[in-house]
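Shared chain: chain A. Partners: chain B in the first complex, chain C in the second.
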Partner chain A sequence: MTFVRLDRPEEEVADASVAPPGRPKGRLRRRPLGGPRWVGWAFVLPGLIGLAVFIVIPQVASLILGFSDSTLLGGTRFTGGENFARLLRDPQFINSVIVTSIFVLVYVPANIAISMAMAMWLKTRIAGRNWIRVIFLIPALSPMVANAAVFRLLFQQDGVVNQALAAIGLEPIPWLSDGNWALAVVIGVSVWQSFGYNMIVLGAGLDSISPDVIAASRIDGAGPIRRFVSITLPLVSPALFFTTVLTVIGAWQTFAQAYVITGGGPGNSTMTIMLYLYQTAFTNNQLGYASAIATVLFVIIAIFTLFQLWGQRKWVHYD
Partner chain B sequence: MTDQQLQTSGLSWRRRGRAIGFAANTTAAWLVALVFSFPLIWTFFTALKPGNEVFGAKISFIGSEVLWSNFADAWTEVDFGRLLLNSLVVAAISTALTLVIATLTAFAFARLRFPGRSAIFLLFVITLTLPSEVAVVPLFLGFDQARLADTWFALIIPGLFGAFGAFLLRQFMLQIPGELEEAARLDGASTWRLLISVIVPLVRPALSVLAIFAFLGSWNSFLWPLIILNSSDKWTIPIGIAGFTTQTGTQWELLMAACMMTIAPVVVVVAIAQRQLVAAIGAGAFGGR
Partner chain C sequence: MKAQWKFTRSRKRAGVSVVVVGVLALGLAACSGGGSETSGLDGDTLKMYTWIGGKADKKQWADYVAGGVHADPEMKVSFTGPPIGDYYTKLPTVMRSSSAPCLVTFQNGRVNQYVEGLEPLDDLAKENNLDLSAYSSAMLEQLSVDGKLYSIPFNTGPTVVLYNKQMFKDAGVAEPTNDWTTDDFIAAAKATTKDGVYGFAIPQASNPIATLMAADGHPWADEDGPLLDDPNFKDALQLLVDLSNKYKVAKPLEAAAGGTFPDIDAFNTGQAAMEMQGLWDLQHAQESLGKDNVGIAVIPSKNGASKGFIGGSGFGITKTCGDKQKAFEAIEAMTSKSGLEFVTKSQASVPARLDALDAWSENAGSPEFATVIEQMTGDATPSPVPANQAELDTLLTQYEVDAFSGKSTVDEVLQQVKAGLAQ
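For the complex of A and B:
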């Protein structure tokens, strides 16, 4: 498997310097191919500059702006930790952290569990398995906005979901006008949209498990649960780790679903951190304060990512 | 019954049992797929309904008439034609530039040795885990100060430098045997020539997968266009759809027609390139969701 190792990239680097097969190593050292040494720089420079200017510097600038009262009109003053003190007293912000936490807490496990279950199911004998895979993948590669618009239609008060409930004699549910239900819909569309993608990553992980290993464990008398826990799970753990890390990072930044389906409502019940950040910056023109929100979000994501990188030693097995 | 007969009948029973299991498994999987795609199926039927029949007391897929004209009306009412053209142009430019930049970067990492390569590679790896959307405020501020807000330049350029493309291509370039490179060198090929004539043709499959992902990335992108684009004549499809969805008195049948026309190209691309896409996603080449 060719995963980018998020934990120890230097191994990848070492791997990169290994001479391609068939080339004598000594010769490579003596006469490195590729002309003068600066040539490599020329090739890497466009990407490097772009990465620096449009990815790295904005991240750093965001951290700095968080300590200012910047607005679009200019006149930026540095106000120390004032924004952060204000955040702690901002009920809207605290609400958005709680909403997003609930989202992450439900969405990530649901996504991973369904992805894993579907990936394992699609390993069994099914006619037209590849087409089923494509069907599950389509929403993941379609615009979130279009998917969200579709769900907004389905869950209208007199929409098809409530029609279906009425057909089986149930009361309609106020999907988008009740805070808890609205958050459930936002989580639902997110899982529906994205698990197909992770399903394929995990499916590839499952494919890389040698059938011999499974067969051997079967001969040794391991039951299906035992096989799953002791064989499948450890062997698929690099793929599982990879998807979990990136799914968590994405989940904390949830935006489009909430923007389109509920606009953060009713009563801020689906106001994610990113949506609050967006409104603070671009509706209320408080760019400095919004950057402080961004900093907190950055720190939250960093803590979660580092925690997972640290925790992987306990459960991720690279061969 | 002889032993022989017993054995064959036992075998055929087992075979029959397996066939039934296979059929049941297939049916169940397709049922799940059908339920899963219900939202899109419903969208399609909604797009064909008269406006006043989108909602009703009972579920009905077909309204009193089938209005294919809704798709045409979406072009005028939602201004879908303009949105589509904008999205196509922006996605095409983004894709072309992404391919060029990722190819150059990947080539340097995979095939060239230069001082600082490890450090730069590490930087690229780290950016993979950076939450990019968190930094939209300074990005916007920078373009605004440069008087570039509300331009396609500002829309396109920040999306070109994601590290995943470079990683995917690098992975493929590492697999190219060194002999090919040496042969080209002995024939006097320059580094540039080597890239264009030897490496690029060999990684063409990876380039096409990257092209699809770059295109879809631009096609689907929402937050940044929403922030940076102000004038509606520059909007891309997601911005148009979001605007149309959130306004009061939504004409759902037209909106759903627009959604169908937005998702349809994705369906076609995924169906055609499914094998390559599944392989690339499976390799973790484009991160998770």
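For the complex of A and C:
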């Protein structure tokens, strides 16, 4: 079958219709799909303006402010790379990088593993699986601040969780008084809140796997583990890659959970980079230094994302 | 053809540059704040930015505006704002925005961090013949920075002990007297601790420390910042920790976000018999526990001769306000004798004008309340507000939890806070 483009002049269409399929002329390939060029720009412009106003300009402004001692109400004096040098010897910032790294290392695998397990479970023909999907998605749809506020009440010293532990004869746990437990609560709430979204995306990826492929693997004698490793995982890898990239980016930017549940404490055990940035800017009134932190965070996220994009060639299968 | 193409490209580049510069300029203009005659006004109505956490706050500001209108029928003020927990975070951004208000408010004398965006009021006070001696001198001192006055006080909120009378009665404990000591306080807290209810609810951050130090006549800060190396600072924090860990009369502090008040929640819901708070919480407590069920007492001291810790509130004018004279006239009206007397009919907060105290005693307080207020305001320990108080409170809230959990000593906590402030 030969496809022709209806937007070309007749002679071009006629010309193209006799050209061998799969070998369109170079000149034709470069032509816009239709109408004058400004039409394309008109479609793209609203998005570009939004990108410029809300992303590019603030990002550039933040980068510039990072080289100053700007405050929220005062003037701006450029100080060169002083803020960035200060970051290297700021124990609070170094601590926030360590805390956020621990968060990323625990939260991302836990989130992906639970999302994948739930998506696999919901792929089976259990009754009401669409309703179950909606129920698990609800936390992702509700505001993190509201979720965190509720969890704060649940995990406080005389909260519901410790009361439940006492009811079965267990000692109360210092969820919000001990640094390790507090970080565990922040990670747990984060996973609970966000796995529903990844579950839906991975579920869609699983649903797109042809039943014939699975059936063929069964006929070939592949067991459940073999099927999962050699068939399911490669075929769902694009969705897995997408969810992993977004989850890693979100993990580095964690803020609301720590802000609402622990305020970064006890001590600085739950002080994430974003929370430290916020405190530096709005509590300590050091906008310039906070902008330097934002720039470093941007670089960290960019490195991780580029690394993932580079690494996808080795494990993501688009065919 | 080639030349035309080049020309087109350069024109495009110029066009893109103009658009980028234009958008940048717009962005900067939006952030730079206004300065026109109408800045901070909505028609002839002055805009005020303040803390509004719920119906009670909304009613409070409506009452102050009504008091101002009572004193000056021409006055027009509208108000908006977030809850107190977010107020000081958002304030600088709002003051710098194109929709900056004319009037802003400050609690506990916290003007220090915001003076770059505030109009000094000394000249306006002179031009308008405002008699500043009518206001609490401790409050005026607290609202001044480097000798310049940035805010006119409307209430003076000495920190006091609020107690649940019924719980004291049930425990068979005599109500506090104005010469009670720290030992008396601990004994009362022990007696009222029972059945899952604590005798005392510990507040977070620096205010309880400053209050306990002030009660014994020790200032908690000077112009350089909080006196973290002062042994009295350590003693005050140690007492708070001991109330939980040694005497078991208070719930230990846990990690919490700034701007939350678990101690107030505990007292107002009957989970604690006493709290240590500014008088601004009196009305809320009375509404929750019953008007006659809430008593106030002086802060306990080691020798029974307690001194007060003042932490009231005031109105300020932003530098960008388009009509500063009109804004000052509004402040003058809202803090006038007749204005504040009008407010005492519906609000329990203590007026900052000494000549309105009688009306407060008659309308909102009682003779017993008046005695406490007199002692706490009459002989108050000067209490400067350091520029880094917000930072200090954040660090104390984070690190003091470790002293309550036993992970760190009080000394270690103070060293960690000191190290954090040095950053």
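Convention: the second predicted complex is superposed on the first by the 278 of 319 C-alpha atoms of A that agree within 3 Å, B and C clash if a C-alpha of one lies under 4 Å from a C-alpha of the other, contacts with A are read in each partner's own complex, and residues count from 1 in each chain.
Following the convention adopted for this analysis, contacts are C-beta pairs under 8 Å (C-beta built on N, C-alpha and C of every residue); 3 or more make two chains touch, one makes a residue touch a chain.
Fair warning: this is a prediction, and the values are worked out from it, not measured in the lab.
Participant: Using the overlay on chain A, decide if chain B and chain C clash or can fit next to each other.
Facilitator: Overlaying the two structures gives a clash between chain B and chain C.
Participant: Using the superposition on chain A described above, determine whether A:Y259 touches chain B (first), chain C (second), both, or neither.
Facilitator: A:Y259 sits against chain B and chain C alike.
Participant: Does chain B (first) or chain C (second) touch A:A61, or do both, or does neither?
Facilitator: The answer is both, since A:A61 touches chain B and chain C.
Participant: Which partner, chain B or chain C, touches the larger number of chain A residues?
Facilitator: Between chain B and chain C, B touches the greater number of residues in chain A.
Participant: For A:Q92, decide between first (touching chain B), second (touching chain C), both and neither.
Facilitator: second
Participant: Once the shared chain is lined up, is A:S210 touching chain B (first), chain C (second), both, or neither of them?
Facilitator: Neither partner.
Participant: Between chain B (first) and chain C (second), which does A:A167 come into contact with in this model arrangement: first, second, both, or neither?
Facilitator: The answer is first: A:A167 touches chain B but not chain C.
Participant: Using the touch definition from the top, say if A:Q156 reaches chain B (first), chain C (second), both or neither.
Facilitator: The answer is both, since A:Q156 touches chain B and chain C.
Participant: Is A:S194 contacted by the first partner chain B, the second partner chain C, both or neither?
Facilitator: first
Participant: Is A:N284 touching the first partner chain B, the second partner chain C, both, or neither of them?
Facilitator: second
Participant: Where does chain C run into chain B after the fit on chain A, at 7-15, 25-33, 115-123 or 349-357?
Facilitator: So the stretch of chain C colliding with chain B after superposition is 25-33.
Participant: Looking at chain A, which of its residues have contacts with both chain B and chain C?
Facilitator: 57, 61, 72, 152, 156, 158, 259-260, 263, 282
Participant: Please give the residue numbers of chain A that touch chain B in the complex, ascending.
Facilitator: Touching chain B from chain A are residues 1-4, 6, 9-10, 12-13, 15-17, 19-23, 32-35, 37-41, 43-44, 46-48, 50-51, 54-59, 61-62, 65, 70, 72, 111, 121-122, 124-130, 132-154, 156, 158-160, 163-164, 166-167, 192-195, 197-198, 200-201, 203-205, 207, 239, 242-247, 249-250, 252-253, 255-256, 259-260, 263, 274, 277-278, 281-282, 287, 290-291, 294, 297-298, 301, 305.
Participant: Hey, which residues of chain A end up touching chain C in the complex?
Facilitator: It comes out as residues 49, 52-53, 57, 61, 71-74, 90-92, 152, 156-158, 174, 176-179, 182, 259-268, 270-271, 279, 282-285.
Participant: Within the complex, which stretch of chain B touches chain A?
Facilitator: Residues of chain B touching chain A: 22, 25-26, 29-30, 33, 36-37, 39-40, 42-43, 46, 54-59, 100-102, 104-105, 107-118, 120-142, 144, 157-158, 160-163, 166-167, 170-171, 174, 176-179, 181-182, 185, 190-191, 195, 216, 219-220, 222-223, 226-227, 237-239, 241-242, 245-246, 252, 255-256, 259, 262-263, 266-267, 269-271, 274-275, 277-279, 281-285, 287-289.
Participant: Please name which positions on chain C make contact with chain A in the complex.
Facilitator: These residues of chain C touch chain A: 20, 23-24, 27, 89, 92-93, 95-96, 113-114, 116-117, 196, 251-252, 254-258, 388, 390-391, 394, 397-399, 401-402, 404-405, 407-408, 416, 419-420, 423.
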